[in-house]
Structures are given as C-alpha cells and as structure tokens.
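Shared between the two complexes below is chain A, which has chain B as its partner in the first and chain C in the second.
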Partner chain A sequence: ACSNIRGVFLVFFFLERKLWNLPLLYDFQEELVIRPLHSGDIYASFQFRTVWETDFTRGNKVSHYRLFPKSLGQVISKFSVRELHISFTQGYWRTMQWGQPFQPAPPGAELWVWFQDSVTDVDSTWKELTNVLSGIFCASLNFIDSTNTVQPSASFKPLGIGNVTDHRFLRYATLPREIVCTENLTPWKKLLPCGSKAGLAVLLKSEKLFHSSFHSQAVHIRPMCQDWECKTTSWELRQTLNVVFDLHTSAQGKREWSLFKMFSRTLTEACPLASSSKIYIDITDNPEQFEVSPATPLLSQASVLGDRRTFSVYDLTQQITFGTVRSLNLLIRWKSSEGDMLRPLLHGERYVAGYGLQTGEIHTLMYNYHPYRSFPVLLLDSVPWYLRLYIHTLTVTSKGKDNKPSYIHYQPSKDRVRPHLLEMLVQLPPNSVTEVTVQFERALLKWTEYTPDPNHGFYVGSSVISSLVPSIVAMDTNSTRERPLFSSFFPCKEESSYFVRVYTEPLLVNLPTPDFSMPYNVICLTCTVVAVGYGSLYNLLTRSFQIEEPNPGLAKRIANVIRKMRGVPPL
Partner chain B sequence: MLFKTVNLRRRGQLAALSIAAVVILIGVPLWWRTTETYRAWLPVSQIQELANLQLQLSADVEVVFARGTVTPEQQKKVPLTLTQDDEHVVDEDTALRYRYETRYRTATIMEEDALNQPTAAEADLSLHTLSESPCGSLVVYVIPESSSLLPEDVDVYVGQRRTALLRIGAQTRVGRTLEQLLSHLEPRVKQVLQVMSFSHTDITAALSDRVRLSPGNKESIADSMRAFKSSPGYEITFSLLNPDPKSHRLHWDIEGAVQTYIQPLLRKLAPLANFSIDSQTLYYAMLGVNPRFDSSRSAYTLNSDSLAHVINPVEARLGSNAASSNPVLNFLLYVPDAHHSPLHINDHKKQEVPSNAFHSPRWGGIMVYNVNDFYGPEAAFPVDINIDMAKVMGVFLAQLRLLLGVQSSAPPPRFLVAPCSSAGIADWELDRLMWSRSVENIATATTTITSLAQLLDQIGNIVINDNIAQQVSSAVTSLQLAVAELESGNLRFALQYSKEAILASERAFFDPSLLHLLYFPDDQKFAIYIPLFLPMCVPILLSLLKIVSDARQRRREKHAKAD
Partner chain C sequence: MKILTLWSLFSTYLLASSLNIENHAAQFFSSGHTNNWAVLVCTSRFWFNYRHVANTLSVYRSVKRLGIPDSHIVLMLADDMACNHRNPKPATVFSHKNMELNVYGDDVEVDYRGYEVTVENFLRVLTGRLPPSTPRSKRLLSDDRSNILIYLTGHGGNGFLKFQDSEEISNVELADAFEQMWQKRRYNELLFIIDTCQGASMYERFYSPNLMALASSQVGEDSLSHQPDLAIGVHLMDRYTFYLLEFLEDIHPASKTNMNDLFKVCPKSQCVSTPGHRTDLFLRDPGSVLITDFFGSVRKVEITMETINLTDPIEQVEQSPVNGELQKERNSYVDQLPVSEIIHQKPKQRDWHPPDGFILGLWTLILLVFFKTLAFQETAVGSKPPYRVQ
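== the complex of A and B ==
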C-alpha cells in the first residue's frame, strides 16, 4: 500500500521558537489526529500539551499560573505529586478492529500517581488526592479506597524523568463501573487555556462526543526534560481525548466523514495561545482507499506504534489553511471498503468461566501475532477481595505447553482491606496464544456491602498487559526533538522496540445475592415462632385447669327456668 | 376440691408474677443497654455558662504629660492609676464590659527629647523606638497648647504605631487641680480610644453571629457586611482576565507586585490569619453583561446596577481552591477586548468611577484596565502590553483592606491620622482588627458549641464519639482561656485561643460521624419490635390485670363478710 507520494514530499517542521533561542517558560500546543479505520469508523485523537518550566518539587511554592491550570498546579504542589495520570473512558477499545490507540485506557476511570519521595504518609495523601480530584473532575473518584488500590511493582513505571523504582510511592486504582459523561468533559475543557472558545477545542461538543462507540479523555502530568542533557526540567500537562465515531450510528452507513459530520462544527482559527496547532490525517492507505479534501501539500512521516505512517498536515496557525471560506471542514471519502488492516502484534482478552455462584475461573488470553519474534509481557491483575483467588491453581500455557513466568509478584487480598495483586512477566512465543487461568471462590458480602444494583453484577477492572514489542521500523529515541504529540507520549529507549499497553475487557461477575427484604422477614418469622412457643409455655405455667360440671341438658334448663318462676327449688 | 383449685390458681398467679418480674428486671434493662447509642460525656454545664457570655475587654492606656502641661502641684500627685468600667447589655445572654486601666505619668527626659522633634511623624517614630508598647495598649502624650508639633487646626495626632499626641487646652480652661485637669482630659482621651482601640459599634458588629442586631442605619450594616468573616486562613487569588488573546498579549509582573505591595501588609496581618497568595491568567473570560456604548464619551460603560451580574459567569471560570477550604478573596483585573474598549464603570450618579474598579462584599474586587491607549488604530495584532502594576495594586490593596475589615472610617473633627506606612496598616489599626476578630471568634465559637450541644441534647439517637467529646472540651477550654485573656488585656493570646476555639468547634460540629444515626425514625423501630413485643407482652399484661381484678374482688368479698 505504499504510495508514491510518500517519497516525494517529506516536510519536517521545526518551530521558529527554537530558532529565536528565547528562554521557553511556557508553551501550549494542540493537535488532532484523524485516522480512518478499516471498518469504516473514524478515530479522532485530540492532544493538548501545556509545558511550563517551573519546579514543583523541592518544596518551593509555585503560585503564579499563566497557561497551566491553577487547580491542577495546586494539587501537584499540595500533594507532592511527581506524576499523575487519570483517564475516563466510556466504551471498550476494540484492538482487533481498530488497531492500537495512541493513548490506551481501560473502560471506566483509571488513576495512577507517583508521589515524590518526600511524602511520608502515602496512603492518607492518596486518599486526600482522590477526593480532591473527584471534585475537580466531577467523578466518583472518592470511591477509591484501600480495597481497590494497588501498588504495582513493575507495570507502571514513571513516564517522565526520574528513575524512581520504589513502588511504595506509586498508587494505582481503577473504577470500571464509572460512567463518563458531560459533567466530566466540562471540567476537563476548563483546564485548557483557550477553553472551548477557540482552537481545536471548539470541536468538543458533548452531544456528538458521547454519541460514539468509544470515548476516552485523560490528563497526564509529568516532569520532562527540556533539552537532551536534561539541565532544566519542565512540567508537562497533556490532555488527551480519543473518540471513535461509528459508521452506522453517526454516518448512517455512508463511508464519508467530515469534521462537521463528526463534531457538528468546523474550524475557523487556532487557539491564539498555541505555539503549534495542527491536524494530522493518517493517509498511509491513501489513495487506494480514500481521498481527503481539501488537499494539503504538507506531509509528514512519523514512526508510531512500530509502524511508519504518513500524515497530511493542516497547520491552523497559517491563514491559508482555512482558504477563502475562512473555515476548515475536512472531508474524507472512501473509494472502496476492501483492504486489510495491519494486525496489531499484541492483543489481550479476558473472560470468566465456570457455572454456579460458588466458584469460577478467570481466563486471560494474550495473543502474540508476530510471525517469528517472541517477546516478554508484564501482566497485571488487580482482583477485588470478594473474589478469592486460589493462587495454587494458576496456570500459564502457550501452544499447549506449560509456560513458566520468569517473575511473579503476588500480594494476597485481605477481606475488606485490600485487593489481590498479581503481576507476572511471561514470554510470549511467536504467533501464539498464551492463556493464564486462575480459579476463585465468590465471597458472601455483608448486606450493606452490596452495591445499589447487586443483580447487575460486580465489576473487576481490566488486566493490564505492558510490553516492549519488537518494531518493524526504527523508532525515534530522541525525546527532546520536536515530534507530533501523538508519537511522543511513551518515552522510547531503544530503536528496535516500542512500548505498548493493552487493556483487556473488565469482568462482570455475579456474586451470590440475597433477597434484600430477607432481614425483615427473618425478624418477623423468628418473632412469630418465639411468640407462639412462648405463648403456649406461658399458658401452661399460669392457667389453672379444673374439671367443669358437664352442661345440663336443654330440657332440664327450661324446666329449671319454669321451676324458678313458680318459686320451687331447681332440679 | 375447692382447696386444690385455689392452690392451682395461686400457683398460676405466682408464675405470671415471676415472669413479669423477669421481663421487667432483666429483659427491659438488657434491651435498653443493647440498643443504647454511645454518647460520650460533654461538658454541658460549662457550655451553658458560655451560652451566657459576659465579655470583658481590658485595655491599658498610658497618659503621659509632657513638660508644660501640668503645674508642679498637679505633678506631685502623679503617677496615679484610674480604672474605668463601661458596661453594656447587648441582649439577655450577652453583656459587654469595657475596662480602661489608665495610668497617668509625666514624660521621661528621653520622651521629652522625642517630643521636641520638628514634626509629629518624626516624634511618633522616635517615641516608638524608645519603648514599644504591647499589643492592645495605647500611649497618649499630652502636649502643651503651644507645641509646634501639630498644625493649628489639629488637636489630636494619631500616629502609625500605638501612640497619639493630644494637645491640651489653655491652662485657664483646664483648671487648677489635678481632678479638674483629669476631668477635662477624660472625654478627649476616650475619643482617642474610640478611634485607636475598640469602639462599641465595632464590637457589637463582631457579635453579629450571636446577637441579632437591631436594624440600625443602612450604612453601618453595609459596613459590617463588607468584610470577610473571621477565618483562620484566607486565600488571595489575583486573576488576569484576557477575553481577547488574539489582540492583546498581556504581561503582568504579579510576582514582583505581590512582593512589593501585598506581602508587607500580609506580614503585618500574620497574627490574624494565614494568607496564601496565587495568581492565574484566564483567557476568553467574559463579563456577564454587555457594556452599553456611550456615544457622547465614545466609550463603553457599565452601570452600577448591572455590576451585580458581572461576577457569576466569571466565577465559573475562576475555579475553586483545590488545596484548602479557606475563604477565597478574588481580585480580578479585566482587560476589555479591543472592540469594547475603553470600558468605564459608572456610579449611581452616572459619573465615571475614577479607579474604574468596584468590590463585591465578602467576595473580592474587580478592576477594569483599559489598554486601548497603548496602541494606535493601525497596530499589528496581537499587541504586547505591559500592565502598570503600581496602579493596579493600589486599587487592589485598598479593596483588600476593606475586605479584611481594616476600617478607615472618617476620624472625628480636629483629628489628624498619619498616612499609611509602607506596610499598608498602622499598628493601632491592627489592634482594632484583633479586638474585633477575637470577639467575633469567641461569638462564633460559642454559638457553634451551644448549638451543637443543643442539637445533641434534642436528638438522642446521635452517637457522640470520644473524638467529638474531646474536640468539644478543647473548644470549651480554649474559649474560657480566650475570655480570660481578653479580660486581662492580653490581646495576642486572646486571639490565638479564640482561633483555636473556632477550629475545634467547627471540627466537632462538622464531624461526619455525627450524621450516622441521625435518621433512625421511631416508626421503623416499632416495625421491628412489634412482632416480638406484642405477642409476648399481651399475655403478661392480661394475667397481671386478672390478678389485680381478682385481688380487688377478694378484698370486696372480705369487706362484705366483715359487714
């Protein structure tokens, strides 16, 4: 599917800012990547990045905010946060149909935070932090407590600078039940310097965004190197929003997309505060499959997720982009629906097996589609305490043979205190499926511990599969070079592989659920039984029994009445 | 046969009685104990004492006679100390007593030297360096009529610290004896005290949490509602609103301005509360109202009656403080967009407000900063604009003083108040604030504690945990200490204890554990108990009734037999 365009135009941009050689104190960039998917759906990924050269560490007080939102800055300095990653997702990313996303996220809410090593009581700080974030993002993050928080030992390394490996300062929690809606989007948009008034953010209208197959919004805060020697550090706030529009519900089955059709808005200007404001369209499959209008002469290539992709670039800071009508409405029209998608190399699935309400078995399947390379993956499972894992039943098999994990970190649960944490490093043989199974027993909950809708079932968060997947093309390891934002999220240490995180489906498990009017029924029934038993005993003890004269017959009574009237003694 | 029947009936009655006894002696206490809610002991009697608040405020006043103000005969009787009490009953639960301990003495040689300085300000400074009077106390220097320290039309000079200079009248008017002199001085010293120390209106305003004020004049109510309520901490947020980043690229040196203008004031106010300052820039933040174009002035205007609608839409963008729950003082600098410039605020009389700013009580201040003069009509947008922070901070500082309750009410005639120092607040102004804040804290804390005690008393289902009882006790102790310190005139400690009291009382009042059993209605309890209690109690009651009626009948029979 290589096109001849690819070799002809190769335009790389360097921002003028670097040439001025001015001290860069703060900077804002916005970016939208649109990738037409083979299924006919369309994937749009927004990224907004605010970089601020300041220091939240070392206890100095940062209090004057310009582009960086004050609320998040206060959170970072108050709770001594080193890194913060939070995502809210509605829907499940279908890797096999859509490929890898730029920023993976599990369904529901996910929060992981690295604290600075100056924090003494990490648990209470974490508790306070989740409450504050819950207020900032209007989400039920306050339901994060010790029963759904884990400290992964290997799966979640810091993405920014700082080689902290002491996982005492890491907390990870997911809320798979969290519903994401407008009330989470509004505060998220408020963190942007231009709000939703200018730039790419005008496209973020909730009535369209939530009418989609997949919606995921996230906030990532991390310290970054400003130059390759890492002399100065800066803090990066990356706000991302990924959305997949469905071919049938949003486009009425027509393989034709436009900005207006997706977002019911068109673009007229860039955010005036942004140093760069660009739209990228993944045209690697062009022109066999689809065409894009208006056409742009600017093309860019980037190695992303182990593949070299070609993008059409629309620079919104240039007035020419908007043409004579002063508005940009990109149009993508399919020519044919044939063609194959490059299959992602790593994929995961999970389900619950077994019957009845006593025991069950969790199956996790990890697919390696690489034809000849095996690679190791880290699997992280955090299972609530009310599913009691039988860790001795843990089996890992690939291609019918036992596959011994080279590293297992297991932390057993404590009832009502902490969940199970299972982390292991498994080598996936080439072109294989590796199955991890573990049996569990369902616990009986106390009747106040059930959720308001217990017959719906209980969610178990997604498994996380993190891996360095062998890359087909050389990856870019220079972290400070100007690159499109979507290709610079996960730091890349070596050219031959790239980092991928895959989330499996969350599980929905039924627990034995009582009839909730039962306590009152039981009270009534036992009381009745007690009362009946007690009543008869009481009667036996207190009543005196005596033999009574048999009643005189009717004739005798009448005779007695007559005798009484006559004044004669009765019979 | 009859004997046997009677025996049987007797046994039945005994059984019924003993079962009733077991139920009453063992069952009822057991049920009572097991369903009881845990209620820790609260110092109820002490709380009741606090509900009836007798506050005494004591201030030390030193009146120093300079040379030439007292005759030698009068001088012989000085020094002497006089105590004056001033009692006010505010309402049936609250009474106030002001005690002024006035010490009269003559000036020392060094003080005489200081008073010989050419100007009053210099005299004030050198008197301050001689001796620093403690928080809450005052020194009034009585200077002769001929003194050149004060201008002709001024009788009293109020310094920047805790001293005042008072010009005495002519000797002939004052009189010969010391008593005459003192009775001449007394009302004037009192007038000075009203300005520099607590005044009755301030203190009753501070009591507004306890006492419903009789509706006085409108002005004083507006004054008392303007300032923020007393709180252990405040967050000050400066926001630069730039609704038009396409045209204006604004630069403000807020770090420097805060250091120069705001920090000195806050350092002085440190004993009062903790302050934290931050700032932010908000883009595309619009005002809630559309300004009207005034063609006569070729400017846009905001009328005073529409100012109330300005704040709400902006406030949604300001964001609450994530890191603390202290009240926030917002100061907004609004730079109107290029198409709506210049923008002026009009007052009630349709006149332009010179500062182009207004404040909202207990919320903050807004200033409109026009930048259209900074560039010509054919400027290339965006224009870089540096904001003049001295102008902005002058307005914000004045608003901050108002909102924090540093009152600058007009002094009485023939008074001269020294201009503000670089700190933005004089020592006596701080003292005034501390007096009223201590009283306000005490009033708030007592109301909180008494209403908590009342609530707990009324609703017996509320569990009182030990930590709440502890908070209540510590609040009560701090309150008692604060009242005692106020009585003995230690203002700084009184404020400290009153702050502790308010913290502890709020913590107790808002403790989430108090809510646990609040809603446990009686009808639900009956629904649970009736299935057990009804079938068990009915036979017992019936047989008891029967025993009683049997006994009554037997007695009647006995009476009949005796007759």
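== the complex of A and C ==
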C-alpha cells in the first residue's frame, strides 16, 4: 500500500513536469532482454536505470533522496566519485558459444573508479571507498589494497561524460577469488526503487539465479547528458544482472523455455515508479527457429554489438500485456536447431604453460575472426607480485611473425607493495591468432601470508582486452534518442565500429607450499630425541645402582618370624 | 451481611488484580536491556564442515524471526556452502534431511565471510577496536543496555576453538575479551552458546559478571553430528543445535519460556554428549530470564496519555535547474579507444627520488676505493727512500 501511494504521487509529479516541458528530475526504467542462444541455453539480461538530475559535486549536501538509493548517493558525495563500476560474477562468459554479452564482466569481483579532480590523496580515498562498499554489498572488498590495485594508463576510459581524462584519478582492482551468493544479491535488490516486490525484480529469486552457468550482477554510476546540448549533467545509476541458464540443468534437456521455468515466477505488474518497463525477446532468428507466445504486435529493431537485431517487445505498463489471467508467462519453444550463430569477431584466451613449481609461462591468445579488416586492441594485464615476470622474455607473435606493439606501458611490481601492470596496444591482423607470452618465476611467500587453504592455489585476475571492432551494420551514434537500455551502455562515437571489452579466464597457479605440519613434527621429533638420548645418558651418569632383595613369600615370612623368636638367623 | 461479603470479595479481587498488575509491570521492566545484538560465528572451512555453517544459519534464522534486525546481527561464516560448486542445490543450506528446511533463505546478509573470519577480527568485533574505515554493518555497536547473544560453532578441543584450520582461540583469550567488554560497558547481559567438542572448557575461565554460558558437551566428550543427507553427501547439522533449533521454532515473540527450559534442551539420550551450562556469574535467577531476552528483540512500549503537537511539515522546495548560471561548456562522451592519442602519450614524468640504499652503498664503496688508491699513490710517489747523507 505504501509503495502504491508513493507511486501515485510520483505519477502526478511526472505529469506536472511534462506539462511544463521541464526535464524530468527523476526517471526509472526497467528492462529485460531475453536472447535464446544457439546451444539451447538462454541468456537473460536485466537492466534497471535510475536517472537523477542533481549535483553531488557542488558542495551543497543532498539530503532528500527518492528513487536514487541513499547509500550510493552518500558514497558519491563523500568520496568525490566521478564514475563507479562494480561487478560480481560467478562463472566465465563463453564467447564462442554465447556471443558477446551486453555488459562484460570478469569472474569474481571487479571495481574501477574514476575520482573527481578535487581529490588530493587518491590512494587513501580508494582504500576507504573499498571498505565502505564491502559493507554495502556484503563482499570482502576490504581485501583490495595496494597489492592488487593498478592504475591503467590507457584502458578504462570513463564511460560517462567528461572533458579531461587524467589517469591519475583512475583505480582498477579485481578479486578473482570472490564468491557471489545470495548475500550479495540481497543488498543489490534493496537498492532498487521497487525492491523485489514489484516489476521485473520479482523474477530475481536466488535459488534459480545461482543454479546457472553464468551469473553477473553489476552497479554502474556515471554522469550523463540530460539533453542533446549536453550542458547539464545528471547522474545515472544502472543496475544490471546477466544470467545464462543451462539447457540441461534448468530445462531438463528440452528446448522449451518459459519465464516460470527460468525464474520460478511470472510477472503480474510493472513497477509503479517506472516510466518504462519492457521485455525484449530477440527474434532475429524467428520464425523458422523458434516461436514465442503470447504473441505481441510490438516489434523493435536495434543495432547492438555490431548486428541488427529484431525484438518482440512486451510493454508491462500496458494492462493488456497481462491478458485475462493477469499474469505474464512468456513461452519460447524451439522448432529446429539449425542455423549459424554470428561468430564473434574478437575472442581471448589465457593459460599457464610450464611444469614444476619454480617457473612458468603465461600465454594470452587473441583471436581476430574478421576476414579482411585488422583492428587495434588494448591488452591490460595485472599480475600479482608473487609471480615475478621476466619482461625481457615478452614476445608478441601473429601468424608466426613478430608483431611489435605500438604502445607498451609496463610498471614492474614491488614485493608486497604493488603488482605488475602491462598494457599494450597491438594491431591484430585479419583472420589470425596473436599470441603474447611472458615467462615468470614463482616466489616463496612468508609463512603467515598463505591462506588457510593454500593447496587450492592462487588466482591471477583476468586480462582485459578492449577494442573498437568494425561492425557490419551502422551503429547508432545519437546518444539522446530514446533507445533501449541494452544498446546504450557503451557510448558510440562513430558508426563503423563498436566498443567491446573481452575478459580472459583467470589463472590458478600453485605456489611452492610448505608443509604446515612441519613445525609440530619437528618439535615432537626433537623433544623425543632429546628426552630419550639425554635422559638416558643423564640417568646412567648420575644414578647409582643397588641390589634389592626380592620380597619373600608369605610362608617364608612366617618362618622368619618363628626363627627370630627362636633366636636363629633368618632364611 | 451479604453486602459485606460481596464488598469484601470485591475488594480482595481488586487487591489481587492490582498486585498482578504490579507483578506484570515488574516483570516487564525487570531485564533492564533496551536493545539486542547477536554475534554468530562459524569457524570451519571446507565442504565437509557443511554442518557448522548450517548450525550458524539456523540460529541466524531463529534470531531474525524473533525480531533482531540484520543491522544488529554480525554474521561470520568462514566458508561459503550455499554457492559452493559441490552443492547440488545452489543457494540453499539445509538443516533437515530430505531438504525440508532451507535455513539460508532469500534475505541473508553475511558480514564477515571467507578469509575475513579470523581470531583477530572476532576479538576486534567483540571489543570494538576496529579500524576507522570499517563499515557499520561489520561493527558491534552495543552499549551498556544491550543484551548480546554470542554463538560459536566449529571444531574445538580442551580450552581452544579452531578457526579455519589455521589458528586457534583459547578460553583465556575469550574470557579476557569479555572482561574488556565489561570494562568498556559494552553489554548488559551476555549469553554465550558454543557447539563444539569439549565445549564446556571454553567457559571455564570466564570471570566477568552477567555472563551465562551453554555448551554442547563437557570436557572429554565429543559433540556429535546429527544426520547425513544422501543427496548432498555430508552431515547437515550437529545434534545440539538441531534440538536447539527445534526448541526455538516453538518460541514466538510473546512467549514466556525461560532459561531453565533452554538448559533442558538435548539431554544425554538425544545428544549422546552431556550439555553443560554456567550461571554463577549471572546476577538474575535463570528462571526469570526469558528466552526472548537474548534471542528476540522485543520492543518495550510505554503508553502515555499526553498529547504532543507535531510541527507543520516543511514545504519541499523543488530544485529547478539554475538557468542564471554562466554558459557552461558543452560536455561530451570520451573516446573509448583513442589510438593516436595513446600511441603519442608521453611517458609520465616520475618524481626524482634520492638514490636507494644499494646504489648509495655502491657509490660510497667506489669513492672510498678511489680516494684510497689516490692516497696510496700519493704516499707511494711522495715517499722516497731516505738518502744517506755522506
């Protein structure tokens, strides 16, 4: 009841502002995109966007929050944050089987932040920010410190508006070991204006979401343009959740998906605070491949990720979408499993080669599947200090020949202080594999630096490959037109290419691990040797031996007593 | 005569009911606490210690159900069982076999997880000596009118509790931590429950007032686990906490059950070990202590007949965009991969630092050798054999 009243008030507020042609101060949109994948799996991507026209930076304290969550607003103003991107991912995105995701994310936790120019000590602000975020998201982000934070010099340009990009204000850190579970989803859901009570967030049930091949939830905060003139900025908060359900674990092998099968819920209403609430189903391969029911007349086309896709649109703000049963359960049934998937143009892989626990080699492979165009990629590698890289062994080869990068930035590591940072701009020739290899040596850690389960291994974060990939269709560069949310995540400046970020696998390396029971063994052995050896010697040297008469039996004792009485010497 | 008896009966009835009201009122305000906190710790890592996480989560669930909010609960789980890759049903932790009861639920907030659950962090949470940047959800912000419930589970021995297979906390350290809490006025009354092998040894050394302790087994005894689930493949709960959960499921926020019933939970016939308790440091009689004094968060309400005048609501001034400002420059999105800019990026000018220790030592050595050889040459050149004057 409470949210309904609030919703009614806000609807009047929106109408009043629209009447006077004022730009909306608050806006909340929610969207779900469902894309059936070629392997029979299904990819669902939720996006919730809150836009708020306010100025956190100007010093006047913002105190009245409506749709924008107060915890994040206070974080932005207290730590002078210009942009914040945090993601929690469980699983690894398989580019070759699933295509490109709408919002890429590496396994584990990833956090990158652009601070405002007014910040004087970026490192201490970064440390406080990670502690505060660990409390908000119930994650161990407080383990982010100088040993896993890097300052990229060319990657991770701001996704929001801004004129100056001084990389001194950028920090990037990743925790590949971070586990994602319901305790991270709970506070994420509480940041939404409608919570998990109405709208698309009703579908977010943890028992189904975590029983999937890939689950990634993220929060992106950035300033954006309010109108085409772009003189006023407003703050945009995007909460995204990408999940890929496996054909065999969630659908029992049948190529038939429905909202109930995926989320164990159906939709009954849109969030009353949302100005738009839509579901898009990717039907570009329709109608030969699969059918969707209930049918909808609304269609929409969008050029996203270099391809022109057609979508069926279900508008949840319209009552007729829910039909007579007042609930929406979309059904997607496959008819045939032929046809090709559009092959992604860029792909990355990484693995550790070598044997033994002393040395090894990291190989990063970058695949360019375009038949005739070559394009540049920016590779960012952050390797922890305990893998000592030998940069003189760095080789970059494409098609067997040496490929010299046009830009290399390398910052060597310092033991226990900072990790290695390697950034390279490499031109990938068409239809080729580029291999980057570097040898390393494993360091011996101090006894207290090992985790409680050191035999599991130590993780090395994913490499990030950022690139402008040439696209087949013309991309939309108009940033202020009403576009579906999934196509407006990365800003697009030219029509012939689109920006893509690919993450490789994280690595798991074994460091030489001592036997932790050895101190106990050594103490036991030494004490035993000392006790037996020295003790015996001491006894032999200091004790004197006397012959002791054995105790006589009872009969003998009585006989002795009688003899004593008689005055005769005893036996 | 009849009127007299009637009147006397009526007056005795009034007297009795007023005494009753006084009793009720006395009971209402007897405990002396105003807020409740809970610190629930599971100290074991690895999949086969699933039951310890299930123990802690079942106590968490009961405590939340009886009213303590997440902001007043510090939950520490040393490993993740729900989203563990060996869990056949992800995002669930079951306490009863055949997957009857999911104690993990859909609304759980874990404050310390994984490698953060260490002896140091546990003691810092108890004593409040945390680094200044620690968020509120990770702090125990109790005061001198707080009743705190502390629940520990894991593997233990005579006088110690093992944390994550790599370190231990001893009973002396724990007793000292509670004394620190008492001296800093961080609790009103404290209930300490421990479910480990030889758990009674952990409360032997307590010496601060207002502490009540329960353990699942005596010194020299092992606490046993309850039942395995064949689908999940591990033991799901420990016996003591299983019967404790059963007991707590019957408690609701208004129940009047007291601590003496809690001491009777899990007798030797069910638990195989002998649960123990210690009440000598507790000032009140355990029979007068309600279960909800520690496990629930019952709000005391005082009814008043006074009227309070509310001030007028503040008029919300709409923050319209300020148009009278100077013509701001046009902002634009940043180029994501400006290739030419990157290639021609100037290398950062690093600050000059004075030479490091090794270089300094090397240069000192070189200079020393240089001057020594110079001096040696001088003396060699300068010294001539003394000529004998003829």
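Convention: the second predicted complex is superposed on the first by the 498 of 571 C-alpha atoms of A that agree within 3 Å, B and C clash if a C-alpha of one lies under 4 Å from a C-alpha of the other, contacts with A are read in each partner's own complex, and residues count from 1 in each chain.
What we mean here is this: a residue touches a chain if its C-beta (ideal position, glycine included) is under 8 Å from a C-beta of that chain, and two chains touch if they have at least 3 such contacts.
Bear in mind that the values here come from a model prediction, so they are computed numbers and not experimental data.
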Touching partner for A:Tyr534 - first (chain B), second (chain C), both, neither: first
Winner by number of chain A residues touched, once chain B and chain C are compared: C
Partner chain in contact with A:His211 - chain B first, chain C second, else both or neither: second
Touched partner set for A:Phe260, first chain B, second chain C, both or neither: neither
Partner chain in contact with A:Gly135 - chain B first, chain C second, else both or neither: both
Partner chain(s) touched by A:His64 [first = chain B, second = chain C, both, neither]: both
Touching partner for A:Tyr92 - first (chain B), second (chain C), both, neither: neither
Partner chain(s) touched by A:Tyr369 [first = chain B, second = chain C, both, neither]: neither
Which superposed partner A:Trp334 touches (first chain B, second chain C, both, neither): neither
Common ground on chain A, meaning residues reached by chain C in one complex and by chain B in the other: 64, 132, 135-136
Complex interface listing, chain B residues touching chain A: 5, 8-9, 11-13, 15-16, 19, 237, 245-246, 254-255, 276-281, 283-284, 317, 319-323, 382, 527-528, 531-532, 534-536, 539-540, 543
In the complex with chain C, residue positions of chain A that touch it: 22-23, 25, 53-54, 64, 90, 127-128, 131-132, 134-136, 138-140, 142-143, 153-154, 157-163, 165, 179-183, 186-187, 205-207, 209-211, 225, 229-233, 376, 378, 406-407, 425, 451-453, 466-468, 479, 490-491, 493, 499, 516
Residues on chain A engaged by chain B in the complex (per definition of touch): 63-67, 69-72, 74-75, 77-78, 132, 135-136, 190, 193-195, 197-198, 269, 272-273, 520, 523-524, 527-528, 530-532, 534-535, 538-539, 541-546
Contact set on chain C toward chain A in their complex: 45-46, 80, 82-83, 89-92, 104-111, 113-116, 131, 133-138, 164-166, 316, 318-321, 327-339, 342-343, 345, 348
